[in-house]
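Two complexes come next, and they have one chain in common, chain A, joined by chain B in the first and chain C in the second.
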Partner chain A sequence: MSPDEILTVLIAMLGGAIRVSTPFMFVALGETITEKSGRINLGLEGNLVLGAMLAYAISYHTGQPWLGVLAAGGAGMFLGLLHGLICSLPRVNDIAVGIAMMSFGIGIAFFFGKPYIQPSAPRLEGLPLGTWSDNPALRQALEINPLFFVGIVVAIFLWWGLANTRTGLIVRMTGDSEASARALGVNPIRVRVLATVAGGFLAGVGGAFLSLSYPGSWNEGLSSGQGLMAVALVIFARWNPLRCIAAALLFGAAGAIGPALQSVGISQGYYFFNAAPYILTLFIMIASARSGAASQAAPGELSIVK
Partner chain B sequence: MTLAVAKTAARAIGLECRGMTKIFGSLVALDDVSITVKPGAFHALLGENGAGKSTLVKCIMGFYQPTRGQLLVNGAEARIDTPAAARDAGIGMVYQHFTLVPCLTVAENMVISRGDLPAVIDWKAEKAALAAFMERMPFRVPLEAPVANLAAGEKQKLEILKQLYLDQRFLILDEPTSVLTPAEADEILGLVRDMAARGDITVLMITHKFREVTAFADSVSVLRRGLYVGGGAVSDMTTDQMSRLMIGETKVRKSAARLADVVSDTKVELNALYVDDSDGMPAVEALDLKIAGGEIVGIAGVSGNGQSELVEAISGQRPLKDGRIFINGRPFDATRKDYDTFKVFGLPEEPLKNATVRRMSVAENIAFRSFDKPPMAGLGWWLRPSEMRRKATDLIASYRVKTPSPDTPIENLSGGNVQRAVLARELSGDVRVLVVANPCFGLDFASVAEIRAQIIDQRNKGAAVLLVSEDLDEVLELSDRIAVMSGGRITYVVPAAEADRNTIGKHMAGHA
Partner chain C sequence: MEQAQSAPMPRLLANPRWKAVAETVAIPVIALVTAAIVFSGFLLFLGKNPLQFFALVWQGGFGSAFSLQNTLQRAAPLILTGLAFAIPAIIGLTMIGAEGALVLGGFAAAALAVPLVAAGSPPMLMLVLTAGMAMCTGAALIMIVGWLRHGRQVNETIASLLLTYIAIATMNFFVEGLLRDPASANKPSTVPIGKDYMIGPIPGTEVHWGFAAGLVLAVLLWLLMSRTTFGFAARVTGGNPRAAQAQGLPVGMLILACSAISGACAGLAGFYEVTAIHGQANASLVAGFGFTGILVSFLARHNPLAIVIVAILFGAIEASGGLIQRRMDLPDATAAVLQGLIFVILLASETLQGRIALFQPASDKRA
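Coming up: the complex of A and B.
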């Protein structure tokens, strides 16, 4: 590869990282809220897919993509509420319910989504932040969707809020020691249901990005497991919203390797490079399972920790 | 009433229970108990497990509604229906198990314990207020430290500070020293006593340790089987009197005499053992220890210093990361085969969890060591349940296990009887090596005496005994040699005859 080509690949990876990372970021932040309260919601893949479908459909019918984003969040809240309430029943395992909710969310998205595979809906416009440059590749890479910035703002707000607000402290307390929460008169079930609803909202918004920005259309192979990878990413980020941004960018860059190499004409191992995020997930799971620091940062009430 | 109290300089609260009775179904947990605790008193509530101490305290705290009886706060009748009502009345409790949130810092834990947090917390103002509060206190805890990183003593201090921060003037301490080293316990109780003596607070302490009663309390009440059986000023009572009140007429087995010069050729050697805890962090490091036959080596230490991991590694519940165990010079692996070859037996802590299968019958549990050997099994796999039952029936009788039948699931037995069933299984044969962990935790006096006598018996018969206990008094009573474990290492070894409580305490705290 010539230096020019390497530059092209790096720019493409930068742009790819920013684009691909956004849904990861939203799902991971949502999962962070839920896990901080002491529950795991593995069903966020369902929120992502249902959110993508609904956002596309609403945008198609109303011509308002942002309305689609809100609708996707609403669908996510609905799935989150369902998960939260079912898990509040005695002796119900949150992981099993999560897997069921994932199938449920994907199922209804496919069921209602059939008519929207063909038509084209208005998409979310990116912000052209690269106009100062005359490098077309860089200009393309820096055409960034506002949702990316929304995600960063949400992450910073969460990081601040978990430490500085009453709600934040109560969520962390519930997630770490149910007995203490009860002793202070906090109802852990209520906190966890609300945290799962909030997490579901963010995951739904992440789905809207998939269908309305990048890749930017609705079809059944749209998410391909990103919602599940984002859950792994939360462990990697050690339940810290700011580290979620970094981890999402890393996953995004891994996902962009394949297309970036293709853009300079390297197509050998294309499918292998496309598998990079999945391989990365596998290694991260192994590494974090072995890491003492990760297990110390884990909220004490998580069903996998107890 | 509250106003009148506030005007006087001394702010401690007095409390009186009159005829407190609590009945659960057919069980009378508390029977007409009347206790008076004067403002500024340090009052001890003595009693065995199940004597009704916690029922009484839970009635005071509003967790239970007494079936009959009155509660008077500062002389006026008070209705306390909920823990929140107790808090409003100025009554706070420090629980045996910490109620701190491990991932939060000290400051966060204190602030969150206040019910009235604003939506956004002004940390600058809160921390200034907390620092000013700490200034006024006789003891301090670093505000910025995460609670997970605090030592047990600091956590206990923080629990007390939290109650004072909430302006609770009547403190109930539930077995406050069970997780502390003797030095930490003395320090904290001393500070609390001084505050009570100044009239700042009133203290009601649940305990079963006479030493703490005589050293710190000024008055005492003794409960037995739900009844108030005696009490008064501590200065008027001897330890003997208190103990007789507490135990009643129960016959306690005399401790077996410790024979001198037991001849035994058993030698156990723990050689440079390394064990990790469940999170993969080192729990036991470079542990060397030799135990001879006819000797009890007691390991003292504050819980969480690697003792559980050590016992689990010896009993095959946890892999050894490095090092080796030798018995009579030959390597020992924690396998069933080696247990039989070397005649290694064990009484692990929490026997219901670690030494039995809850839902299997008493007879099956007693047969765990021998079910696959003749006469209980033919050809190595054909089991004979009748034989199993016959053997169990014998052992149940000779070890006085109280069970409806040998076929009862073992989880239906009381703690003392589960421990007796395990004793029957482990000690009825020829024992060469015995590993014992917290054998008497939560048991009544009669069972405790019985179990300790059995351990001494095994020693007298020539077994090498490793005793791990969080109860320093138990270690001092039973051991021939005492080793202190701190931070996963043996930091101090001393023959029991030369042992000194304070030196051991210092080593337990890692300050020597």
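Coming up: the complex of A and C.
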């Protein structure tokens, strides 16, 4: 590869990583809130797909893409509430309910989404942050969707809020020890339901990005499992919202390598890179399975770390 | 306790063993009826006739020889992936890697088939070898998870999910590169194994052999898990791993064996997808059977025989999708909505376990 080609690949990867990472960031932040409260929601894929469909439909009918984003968040909250309430029943398995919610959410999205596959809805416009550059590829890469920045702000807010606010403390305590939460008069079930609802909202917003920005239309093959991958991302980020940004960018870059290499005519061999984040996450899990520092980061009540 | 004795009780339910059986059957039935009622409300809301809908599900799933065969055909991969979840579940592990084992197993079968077909091997030999390859590949994948769980305390649920993605990426890597059939332009695939090498239907039917394999395996695994020392040891370990270890049971070996069985079942499902349906390995293998299998197993309470029944039920709902689409002008996703609703309500109904007084042994009444 010539230096020019390497530059082209790097620029395409930068743009791709930012685009691909945004939905990852939202689902990962949502899953972080839920897992911090001591519960796991494997159903965020359903929130993502239903959010994508509803955002597109609302944007199409009202012409207001941001209204679509809100509606997607609302749909996510609904699915999160359902998951949260069902998992609060005794003897119910949260992993299985997550997978059932995933198929339920996707089913509803496909059911009501049929009429919206053809028409085109107003999309969320990107912010042209690359106008200073003469390089058209760089300008295109730096046309960044505002939701990307919203995600970063949410991550910083969550990182601060979980560490420094009363609500954050209650969520963390419920996730670490149900007994101590009860001793302080906190109702762990209510905290977990609310945390799942909040997580569902963020995952729904992530879905809105898929249909309103990139790839930017509604169809049934829109999500490639980003919602399920959220679980891996959160472990990779070790339940830290700031590290969720880095993890999302890394997972996004891994997904962007393929199209970036294609732009210079390399069309095979890159599938290995798609697997790289998962292999890395697996190694992190193996390395940290018995280390003390890592088990401090993981919420103690979480079924997957017990 | 006085209450339980004075209450008029059906004579059949006087025996505690029958009570347990009645509870196992009654709770899913209650949940199915609830799901049907909720879904009827949904249809009424859309201005559709629920009775017509359920009649069409029956007709499209079981109404004719054709629809029954369609149902069984769709049930086949669900039986195998359901078993793939149930066996580790019995030993207390939540493994959700059947999707990966199916994909990698199917891919391995297709990859091995290419040189065998090119060398002109007899079809029977090729099928036996590729089936073995698929089962070993799937088993190896899930055994990694079992080993990580037992040897290194890595959570098996997440490890199996990660390995699923690694398995799918591995297949894509080869299918888009080294093993790509140059003729597959739009959908990168391996070289087709060809009509002569594909598995035909069970004689006299249009159902492929995967259904028969699922049925036989379900019976064998039911016998293994409920009638042998191995199954007993596995169930003890599932109930209390520490006690099992203290009793001197070889917990590690049991976990590895259950993982191997699980992966082999899913890999076999992949084998049938390749040799009976697609004829080659490509992205079509990633169809979500592994994840649906998890729910099938939960609804069957991880009982191998019940898995067959639940898989057929869901095969019927899927098979009737086309008929419902044509007759009632509903999108084909209607079946998916009904399936999702049944899954959610059935899982929620687990909470009724042990709470219906009628089904509790008189001596073991809890508050």
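Operating definition for what follows: the second predicted complex is superposed on the first by the 278 of 306 C-alpha atoms of A that agree within 3 Å, B and C clash if a C-alpha of one lies under 4 Å from a C-alpha of the other, contacts with A are read in each partner's own complex, and residues count from 1 in each chain.
Just so it is clear, contacts are C-beta pairs under 8 Å (C-beta built on N, C-alpha and C of every residue); 3 or more make two chains touch, one makes a residue touch a chain.
Since we're looking at a predicted model, the values are computed, not measured.
Once the two complexes are overlaid on the shared chain, A:300 sits against chain B while remaining clear of chain C.
The wider contact with chain A, measured as residues touched, comes from C rather than the other of chain B and chain C.
Residue contacts after overlaying the shared chain place A:185 against chain B, while chain C stays out of touching range.
In the superposed model, A:153 lies in contact with neither chain B nor chain C.
In the superposed pair of complexes, A:6 makes contact with neither chain B nor chain C. In the superposed model, A:170 makes contact with chain B only, not with chain C.
Using the contact criterion defined above for the overlaid structures, shared-chain residue A:129 touches neither chain B nor chain C, since it reaches no partner. Residue overlap on chain A between the chain B contacts of one complex and the chain C contacts of the other covers 290. Chain A meets chain B in the complex at residues 164-167, 169-170, 172-173, 175-177, 179-180, 183-185, 290-292, 295-296, 299-300. Of all residues in chain B, only 83-84, 97, 99-104, 108, 111-113, 115, 117-121, 123, 148, 279-281 touch chain A in the complex they form.
Across the complex, chain A is touched by residues 94, 96, 148, 152-155, 157-159, 161-163, 165-166, 169-170, 172-173, 176-177, 180, 291-292, 294-295, 298, 331, 333-334, 336-341, 343-344, 347-348, 350-351, 353-354 of chain C. By the touch criterion stated above, chain A contacts chain C in their complex at residues 82, 86, 89-93, 95-97, 99-108, 110-111, 113-114, 225, 228-229, 231-232, 235, 267-269, 271-272, 274-275, 278-279, 281-282, 285-286, 289-290, 304-305.
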